[in-house]
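Here come two complexes built around chain A, the first alongside chain B, the second alongside chain C.
Coming up: the complex of A and B.
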């Protein structure tokens, strides 16, 4: 995941509990109460003002500029002067008819689906393994966080060298067991596999941590009761743990989906989306259009980016809905 | 834990050790790339392209690290500066907002929280393109403050949500008592709420610093020609320029990983707390 990093998403504001109310020593008429409530609103929005201004200036406005970019025919000159002609959805049409469009879409879907499912199943298996407390289990679990804490450029360049065709350790190992080496990063057949492997490695820790804490909430007594009834470990997992973990799984997968869609660093650093677009996703395509060439094509780049935002938002809203529903229940 | 766990505890001892061995093997496998990074960073140039590669840095060299000291220190300093700047900006913006959302019942607060959840889902590359357009017209490109502001967008929504969740747990009676003693909202916030939220401040600061330190997207788009570039670009230029000196590249990578290692050793519980905040209903 991209910022697999940027995980955590706190729950919606839990207002209401223990509100700061003004002290009530003197008058207590309805008018007085209304006045005080209005004063409190002013105070509240006073505290919020910096962040609201910030969101407007540094989220809303750049996003608006991005939308504007995608609707105009920008060249480097008009980019600076700001007089690019309005062309409506022309950029989107261009992007849709670009020979890169369908491969990029397919790669985005494959990259996201394979990464997610692998990260989730490996993370879950490890989480279940680590719930059986054994000596050193806490320390080992903590060490699993390392890949996720490293800067993405560090992980990506390390994997690049490990997967190097001639001098990489992976090919050395493959040759050692009698298999031929593979051109991981330079052959169109393998480049997507290579970046997926690196991305899974980075995403496992997040899944492990979240699923592990989800498993903590499954009461031990249920397992013990089932064990007394003669259910084996395998049966207990599929009949008790897995169903009870479903809400946590849904959140983990949806959040992972939103973040995997955005993955850019890993792919760009390892393969730049190549060779010949074989590992290009929407994120790297958008970057390449806007920044990857000497002659930037900001309009189409922004158009691809906005398509990506749209997809991310759809799943993001589903995520928020699921989370709200679980929080309410 | 009920008495029912007794039979589980009486499991034979060797079974438990077998699990530790398996767990250690998993962890070693997972951390192999990290070991490999360190190993390559110590490998001499002439051994770099040996097949098969040396598994242990027996004939190691510190030449890679010497190059880091020679060439990468300015990048590291810039990253440190940007990271600290981003932390200050993020906490200054997010802590008051968290207080308001948690305790002051602003009308429309729910909508604001929602906006922040959505903001977290926008891909960085899209933000980068928008920032590029804005900064170009403002002349903000290739500047440290510009990068601080851009990097803070990685953290501010997360930070507000963490502060809100944390400050909701501060008992309202306490705050009321402080107010009865004559403290206004500003003083309540500064001398009671903020000190009590130390853990949230630490969690937010750690993640903010780490994200800002690790940022590549904003750095490569907004600061690619600047005099002060962060360490992620230092590594990136290295990969691009001298493809041969992988020990120097990996040495830089090792040095760039130091903050992550420190955080893991010194503040691991905050990390786990940050990951699971809200990702799981508790």
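Coming up: the complex of A and C.
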């Protein structure tokens, strides 16, 4: 959205400059100049039209519809007849007072924060590890990409088999070393842990790839100079690698945040947000309200979805602000 | 610079508004044109659309041929579209919103009252579909506010599958299982013999409620009062089975399919599952039997009915109902019902066809008995109140089974939320 907005500004600005620079015959006068400028502006809009149309049809309109859904009292009848009464923020108030709201918010925050931090630190550790070239390092790195390549439904189903209380391999291993089995997916204390573990596994490759390519941009000469000055490996990482990686880290974390906030499939396939809402996040709650019941509740479902969009947007704006400050300094 | 950029922003947003309204206009003209194409089809007396939830049947299947045959009989061409059953409700609502509903819609029975409430379906008074032969307990799922909105094409329900060799090794006679006490005693013996007791599905979706309902109704509880003493006894039954290790903890996350997979390992004595698993049971590789689910004090508990209804959605052109009625009558005629319900592994909704089914396969007798005792989830005039109650019910069962609440507290909270 942001890129295209910038484009929209940039394009006419350039054509404007072009007009000024063009040699203007004295005889044709001001009218001719205005006509040409207008023609050029129309051409600019002509070029812009496809992208604007695309944005309007596939981004602006669905967002508008979702907002509209969340502000009306939809029942199945009024959905069909199209005469749902406008109720203002009633759906939001309902959602806020729902007993599921605070647990779902807490789960969303915990799920996102723990996933993000673990994915990032594991990804970074692996990326640093793989910058040391050793035999088979390329093969190993490729293997770490597997979770990324598998369809989510495959990995989530596999996790749910592995974590099954009765026949899962994880419990079999735990019992093998003399520990009791854990009801990973069926106990309210463990279900959130189980989905977070699965999500970390799925998210590590993305962090690994982005951070690894970020590390390539850190010049070796800096490390060598620091080493000559007597800096240890630990100091070299914290004083050189980490600060130089900051822009890449910021974008990795922001993208990770957006991906993690909206994670739905893993949780839905593994636990359905249960048992008793113990692994319900805003994403699964929104789906359950809208589609998880014989009687769809589109209004509150859309309201929860919009809250999710809002959270992602706030963090996106924070990111842009921080980035701007970095450029300024 | 600032002044020009504001102006350009104004232009951009204006352009977006213009384009958005143009898109909206396209949208409305699109639906208008599809509406007119439907009515022009009627003028040509040509094509009738049928939607069903049987994507497993392709164009060459007996079901598709039956639809074509019924179309030929009524003198029209039938255009069939099959959807996934969860997808069908949303598609139907969207189609109704745009005024291009199918002529005949075959839809899962608990959805009928929701669609009827949305004003999508015609009553049997309007469409003249004959329902006089249908068993009243099956028809009730399609009734709401004293009106009938369709006719069942077939029914399935739940019963207890048992593994003969596991029971024999534990010294349990299946015929002794007549009520909850004798079933629990049988489970205790099986556990003592080193095998696993019973598996079912208590997942936090409609499937969980569907599986719990035979025990809920079997206790004498009513869906209008989730916190009754009978309801507490039903949840306590399941709760204690888990506590005593008669049922695995995995039931909390089991779908009916994963529950069946557990039973298919041959380690379990009992499994609560549906008519549709019959084909898989024959492939399981061990000797199995089927019992109706017992009620608390003996006798057969009412299990919820599954299976679809044939309905006629509302059309702009009321002249189409006559032909739609011919199609529905053809699909639900005794001879066609027998063929269809055999392929779907359903029990027929009429007495005569049920008798024919049993005489062809004596193994179906127990299912006919179970269907005879079964009850629609939306029956008792619950209609669209059912989904809300069901959501609270499966929530309460999960809360009790995980131990986060006592059965009584869980059901009290559920009743309070469902009554809101």
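Operating definition for what follows: the second predicted complex is superposed on the first by the 267 of 329 C-alpha atoms of A that agree within 3 Å, B and C clash if a C-alpha of one lies under 4 Å from a C-alpha of the other, contacts with A are read in each partner's own complex, and residues count from 1 in each chain.
The definition used in the following text is that a residue touches a chain if its C-beta (ideal position, glycine included) is under 8 Å from a C-beta of that chain, and two chains touch if they have at least 3 such contacts.
Keep in mind that what you see is a predicted model, and the values were worked out from it rather than measured.
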*With the two complexes superposed on chain A, say which partner A:150 touches: chain B (first), chain C (second), both, or neither.*
first
*asked:* According to the stated criteria, A:166 is in contact with first (chain B), second (chain C), both, or neither; which is it?
replied: both
*Is A:183 touching the first partner chain B, the second partner chain C, both, or neither of them?*
second
*In the superposed arrangement, which partner chain does A:291 touch: chain B (first), chain C (second), both, or neither?*
both
*For A:274, select first, second, both or neither according to whether it touches chain B, chain C, the two together, or no partner.*
second
*In the overlay, answer first, second, both or neither for which of chain B and chain C A:50 touches.*
first
_Of chain B and chain C, the chain that contacts the larger number of chain A residues_ = B
*Return first, second, both or neither, reflecting whether A:58 touches chain B, chain C, both chains, or no partner chain.*
first
*For A:79, is the partner it touches chain B (first), chain C (second), both, or none of the two (neither)?*
both
*Is A:140 contacted by the first partner chain B, the second partner chain C, both or neither?*
first
*Interface residues of chain A shared between complexes with chain B and chain C*: 5, 8-9, 12-13, 16, 45, 48, 52, 55, 61, 64, 79-80, 82, 160, 166-167, 291
*Where on chain A does chain B make contact in their complex?*
2-3, 5-23, 40-41, 43-48, 50-52, 54-55, 58-59, 61-66, 68-69, 79-80, 82, 126, 129-130, 132, 134-137, 140, 142-147, 149-155, 157-162, 166-169, 172, 175-176, 201, 204, 206, 209-210, 213-214, 217, 220-221, 224, 228, 247-248, 251-252, 255, 258, 261-262, 264-265, 269, 283, 286-287, 290-291, 298, 301-302, 305-306, 308-309, 312-313, 316-317, 320, 323, 326-327
*Provide the residue numbers of chain C that touch chain A in the complex, in ascending order.*
4-5, 8-9, 12, 15-16, 19-20, 23-24, 86, 89-90, 93, 96-97, 110-111, 114-115, 117-120, 203-206, 248-253, 262, 265, 384, 386-388, 390-391, 395, 398-399, 401-402, 404-405, 417
*Give every residue of chain B touching chain A within the complex, in rising order.*
1-2, 4-5, 16-17, 19-20, 22-24, 26-27, 30-31, 33-34, 36-37, 40, 48-53, 92-94, 96-97, 99-107, 109-110, 112-134, 136-137, 149-150, 152-154, 156, 158, 160-162, 164-165, 168, 170-173, 175-176, 179-180, 185, 188-189, 207, 210-211, 213-214, 216-217, 220-221, 231-232, 235-236, 239, 246, 249-250, 253, 256-257, 260-261, 263-264, 268, 271-272, 274-282
*Spell out the residues on chain A that touch chain C in their complex, using ranges where they run on.*
5, 8-9, 12-13, 16, 45, 48-49, 52-53, 55-57, 60-61, 64, 75-77, 79-82, 99, 160, 164-167, 183, 185-188, 271-278, 291-296
